[in-house]
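Working notes, beginning with the structure itself.
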Amino acid sequence: MKRAEVTELVLSAKRLKGLTWKQIHEKIAVSTSPIVVTAALLGQMRLEPGEAAKAAELFDLPKEAEILLTEIPYRGSLPQVPPTDPLIYRFYELIQVYGTTWKELIQEEFGDGIMSAIDFDMTMERQPDQKGDRVKFAMSGKFLSYKRY
Amino acid sequence: MKRAEVTELVLSAKRLKGLTWKQIHEKIAVSTSPIVVTAALLGQMRLEPGEAAKAAELFDLPKEAEILLTEIPYRGSLPQVPPTDPLIYRFYELIQVYGTTWKELIQEEFGDGIMSAIDFDMTMERQPDQKGDRVKFAMSGKFLSYKRY
Amino acid sequence: MKRAEVTELVLSAKRLKGLTWKQIHEKIAVSTSPIVVTAALLGQMRLEPGEAAKAAELFDLPKEAEILLTEIPYRGSLPQVPPTDPLIYRFYELIQVYGTTWKELIQEEFGDGIMSAIDFDMTMERQPDQKGDRVKFAMSGKFLSYKRY
Amino acid sequence: MKRAEVTELVLSAKRLKGLTWKQIHEKIAVSTSPIVVTAALLGQMRLEPGEAAKAAELFDLPKEAEILLTEIPYRGSLPQVPPTDPLIYRFYELIQVYGTTWKELIQEEFGDGIMSAIDFDMTMERQPDQKGDRVKFAMSGKFLSYKRY
Amino acid sequence: MKRAEVTELVLSAKRLKGLTWKQIHEKIAVSTSPIVVTAALLGQMRLEPGEAAKAAELFDLPKEAEILLTEIPYRGSLPQVPPTDPLIYRFYELIQVYGTTWKELIQEEFGDGIMSAIDFDMTMERQPDQKGDRVKFAMSGKFLSYKRY
Amino acid sequence: MKRAEVTELVLSAKRLKGLTWKQIHEKIAVSTSPIVVTAALLGQMRLEPGEAAKAAELFDLPKEAEILLTEIPYRGSLPQVPPTDPLIYRFYELIQVYGTTWKELIQEEFGDGIMSAIDFDMTMERQPDQKGDRVKFAMSGKFLSYKRY
Amino acid sequence: MKRAEVTELVLSAKRLKGLTWKQIHEKIAVSTSPIVVTAALLGQMRLEPGEAAKAAELFDLPKEAEILLTEIPYRGSLPQVPPTDPLIYRFYELIQVYGTTWKELIQEEFGDGIMSAIDFDMTMERQPDQKGDRVKFAMSGKFLSYKRY
Amino acid sequence: MKRAEVTELVLSAKRLKGLTWKQIHEKIAVSTSPIVVTAALLGQMRLEPGEAAKAAELFDLPKEAEILLTEIPYRGSLPQVPPTDPLIYRFYELIQVYGTTWKELIQEEFGDGIMSAIDFDMTMERQPDQKGDRVKFAMSGKFLSYKRY
Amino acid sequence: MKRAEVTELVLSAKRLKGLTWKQIHEKIAVSTSPIVVTAALLGQMRLEPGEAAKAAELFDLPKEAEILLTEIPYRGSLPQVPPTDPLIYRFYELIQVYGTTWKELIQEEFGDGIMSAIDFDMTMERQPDQKGDRVKFAMSGKFLSYKRY
Amino acid sequence: MKRAEVTELVLSAKRLKGLTWKQIHEKIAVSTSPIVVTAALLGQMRLEPGEAAKAAELFDLPKEAEILLTEIPYRGSLPQVPPTDPLIYRFYELIQVYGTTWKELIQEEFGDGIMSAIDFDMTMERQPDQKGDRVKFAMSGKFLSYKRY
């Protein structure tokens, strides 16, 4: 069984049971954020064993699928790059347009290094706005300096 | 004269005068945020005429360069994709790992559509943290629904 | 079940029942245009639940396929880029030849921004012509200005 | 002298003289539409000799540049594909999302063939709209049937 | 059923019955040339309904396959580009070496436009030659001028 | 001096002197066909020394350019593949659509091997036609069998 | 049945019967060299009917597989290019490093043309050597001159 | 000064002095084979200091060019892959067609490992043949076994 | 049966039996290091027959899978390049940043040649560290000089 | 001035003065390792101001180059990927062959996370060996766990 097959089983059960990601998070998560739970069920992160057991029950998954949800996956969620889906493409466009700007400003503030994509968290929320609601992302990643030995 | 040559003139003058992007923003911007001013000087956004005039004075730019800074550029700042620079790559990695998750969660909350990369703003700040300071990004884009005619 | 499988089921039923897209649109659509209905059945847009129910009846689709037709798909309809099919390639060629021209003229008229591909509609019709009939496309997309915060 | 150098000369003169494409078209065109004149000056179409002579005068071009403007160029205006510029990308996205739909609908209406990108014309105009003005494109291309010998 | 599956059924039956393309063309074609019949059976062109019926009988194809042979396919016959097969690569090499030459000579003779790949026919024959027989291709395509509106 | 610079010198002189490829061929060629002379001047074939000397005189080329015209070039005339120029793309499209058909028919007639792109000649002519003149290509290449040792 | 499936059947039978390519060549070949027999069984060349019959018996292949072995395959044996397998990559590296050298030396000796990859044979043998045995390849291909018509 | 500029200086001098690679090898080489000398002058290998001194004299190279010829270059001689030049492509085609065959046969004879492209030599010669002379390549590379620690 | 299927059988059994790579190495290896055993079970190296027999018993593999584990695989373990998985990407990033540095320093110390990736071994261990444990890799490959014949 | 031009100035001066990287490191470095100093001079890392001043003196660099050496570069040292240079390719090959193995073993030992390429150091030394000296690399990177918020 491959991780991609687990994702397909999850999506099929979610669809037929009419569940939302919010409900799934509430039923499954012990200490994991909604973004990480969703990413794990889409094959990009891992769940804690207790969470995987609840997921297996919720989605009627076989034992191997339950174990697979606790394993670290081979990450990479996009079938092509640049992404063809318009919603995901917009994030890619932001890197194309602002990538060198982010590099300049982060390095002016922090020196030589990177923002971690590993020690990283993020929240997403709706920001009501008269001219049309907005998607608000807050991302925070530890700054890691290039070490010099 | 090409826009890329303006960028090179700006970076050379910035370097020899020892300016920071923060100082440049203070000297140039009328109503434009630091991120947009930096992006404009790196060839990805445009400046208002008054800002371009100040930039031309600050960096000793010829007239054509000043006009070019007010023109809408052909956008795209990265010499290769995926980006080879580690700082910029981490943003690309976030899309690889979380792209489908963002799609699911945004669409569950907002319905079918995208987060605009045009009606979009963002701030970047240092978040002090005992275990190591963090880079905090807050992004906010208008949600645009797929219209059905 | 994957969205691509739904598309295959739809095309197979359409073929064996001898239906045209025009007929399908008449039998299925509540408020959706022929272009969007066709795009949805080809896996690129979603149908309203009532439309999906009619589609499921018309094409003898299983329940999961019906639900899938109401879900927002991962968009991108082309197996390769540039497209190898001559009809689709001609549109790609138009972008190659006229892309920078459209950019210049739209931006001269509207300023810095884009024509939305989300708040967008289009019609296609036959334009009789003595020298050979013509395909007429009318496209209209909301202009979105780059916001400056 | 290469065609790309002519384009750069034209853009530089346009910038320093503060001309718009609309003004340029009025001063240069004999029988050619604004879209084709702009495309020609951007290196994608050719001008009639009389038009090229006027362009050479308007932009102070050398003789070889004037001749080059009457030559058929090696077409293709985009530095990368998919295009990184957001305005041009949106057209590419339309092909990704609607390409197979256009193929189905055109072929249902016209039979096996293509819409010509050669015997082709197009207009672009502003469509006032309370919720925000819209870009309106009307394209019309001769339908060419696959001949069977 | 996908068009590629029809191609595989045809090739399998052709192989087991020991048929040649020449024989197949004689048994199937009403008014279609050998090149078009072969291309249709390889999934690149469509057959007339009467031809498809004969093909279905000859190759014992199911009803859906017969209908598929009359549908316009998504064209593009090569699994990779540049083609890895030596015979097909030689044609690709001709474009690499002579492409710009053809462009110059056709345009000097005909003006600005293209040779149609749609209103196009071609024959292939053996040309006996003492130093080794030769493959002779004669191709003829309608010249289409760029229209100027 | 590089071969591409010779091509640029030739095209510039041709343009300023108002020469056609037909005239150039008449003035230069000793025993070489128009297609090969044109290809050589575009950097894809070589000229005989006597032809190169005439070319050098006709185009006022320096000595090194004259020698370069007699050298075998590194072949490949297209700046990108697939070609973005519409005229050249149509040939590429023919390979996409008919490539596997040519393979089947040539191999049915000749057995296992290829049509040479080296021992190869071709002519191009105008074929008058009431419905619009046609471009006629006749290509002939020696068939080379796979040898079995 | 596809040619790739025949290759898989052959490799599976070879593995379970513990055969070497040398033994297979001895049992199957009538007049074909070991390299060509191996290449044919790997889907890149064809066998003579008598050889295919013996191969079918040796590997318990069905009738269609036997016929497929006598058909000319769509050639190209590598799943990716550049090849990821270290042994095959070394040959690719030789082209990267020595490709232009071979071109210069072959053309200095033979004039304008190519070494045929069709009228071509090759042998591979072990060359004992105290410092470690060596792989010795001898390749010989007919020189084909560019013909000038 | 870059290595590519040295190659251009060498080729220009070779051309204007009418030298062949054979003559160059005779004048320059102390202990290096013709293939390696040619590869070095084309920027892929290095010369011994004494050889570089002779090369500098023969081609009137500046001191930095002479030193560069003794440096180890960044190897890779092809402007694109797959190579567009027909002569070099034929070698690439051999890997496409015979790559997996070479892997099978070398590994059956030698076990798990590779043929070195570093401890490697090769000769090229003309093989007279009534049906047309042949290019004969003999390559010999040390076999390197995968070590198991 | 393909090698990739063996890998999937192994991973599935490992998962359901709750084994670690360390335990697997202890149960299977005769003389092979943990890195090579793991690589072999992931389809990149081969096992000795005795080791394959133990692996077959441990994982309940069929006979053909056992033989496949002793065969030399077609190597290359990454589904895309650059790798999308963050852990593996970091190694790729090291080559991007330090590749030319390694080349300079190795060649300054050893002369012209390469570090073998065939006669190569490596160990990986945990290096305790107060600021966070470190991954320590020690790699050692035989230096191979370019031979000059 | 671009960073790539600084690298070229450094390499040219190093060449003409006959310096080694070891000597350069001794003359320039205050607290930076040889690998980082070399990487900085090749445009991949930055120097401390004092080091840059010494480098400017040693290599006769202009002031802007000295400043550029202290700036954080846009990293990425390879002109193509996969790298064509044999020495650098071998490292790439190691990732192809062992990438998934490293992932399995590091994650079994450390859990979900990555080895940092930022908080990272490395040494390279010669390991004498009777069968041929070896290149020994020791790499050590901080392990970073995926944080769960």
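Residue numbering begins at 1 within each chain, and the chains themselves are lettered A, B, C, D, E, F, G, H, I and J in the order written.
Here is the rule we use: a residue touches a chain if its C-beta (ideal position, glycine included) is under 8 Å from a C-beta of that chain, and two chains touch if they have at least 3 such contacts.
If you're wondering where the values come from, they're calculated on a predicted model, not measured in any experiment.
**Q** Please state, in steps, how far chain I lies from chain E along the shortest route of touching chains.
**A** Graph distance in the chain contact network comes out at 2.
**Q** Spell out the chains that contact chain B while also contacting chain C.
**A** Output, common partners of chain B and chain C: A, D.
**Q** Where in I-J, D-E or H-J does the B-C interface recur, with over half of the contact pairs identical by residue number?
**A** D-E
**Q** Taking all residue numbers at the chain D to chain E contact, is the shared part over half or under half, that is, same or different?
**A** Counting which numbers both chains contribute, over half are shared, so the two copies meet through the same residues.
**Q** How big is the gap, in whole Å, between where the Cα atoms of chain A centre and where those of chain C centre?
**A** Each chain's C-alpha centroid was found; their separation is 29 Å.
**Q** Centre to centre, by mean C-alpha position, how many angstrom separate chain D and chain G?
**A** About 49 Å separates the centre of chain D from that of chain G.
**Q** Cα centroid separation between chain A and chain B, in whole Å?
**A** 24
**Q** If you average the Cα atoms of chain C and of chain F to get two centres, how far apart are those centres in Å?
**A** Roughly 41 Å, centre to centre.
**Q** Any chance you could list the residues of chain I touching two or more other chains?
**A** Residues 45, 74-76, 78, 82-86, 93, 96-97, 100, 103, 107, 113-114, 116-118, 120, 144 of chain I each touch two or more of the other chains.
**Q** Go ahead and list every pair of chains that touch.
**A** All touching pairs, sorted by chain label, are A-B, A-C, A-D, A-I, A-J, B-C, B-D, B-I, B-J, C-D, C-E, C-F, D-E, D-F, E-F, E-G, E-H, F-G, F-H, G-H, G-I, G-J, H-I, H-J, I-J.
**Q** Which chain H residues qualify as touching chain F in the complex?
**A** Per the stated touch rule, the residues are 8, 12, 15-16, 79-80, 83-86.
**Q** Mind listing the chain E positions that touch chain F in their complex?
**A** Within the complex, chain E touches chain F at residues 20-22, 34-35, 38-39, 42, 44-45, 75-78, 81-83, 85-88, 90-110, 113-117, 120, 122, 124, 126-127, 129, 131-144.
**Q** Quick check: in the complex, which residue numbers of chain C touch chain B?
**A** For this pair, the touching residues of chain C are 31-33, 36, 45-46, 72, 74, 100, 103, 107, 112-114, 116, 118-121, 144-149.
**Q** Would you pull the chain I residues touching chain B in the complex into a rising list?
**A** Chain I reaches chain B through residues 82, 84, 86, 89, 93, 96-97.
**Q** What residues of chain I sit close enough to touch chain G in their complex?
**A** Listed in rising order, the residues are 1-2, 63-64, 67-68, 71, 74-76, 78, 117-118.
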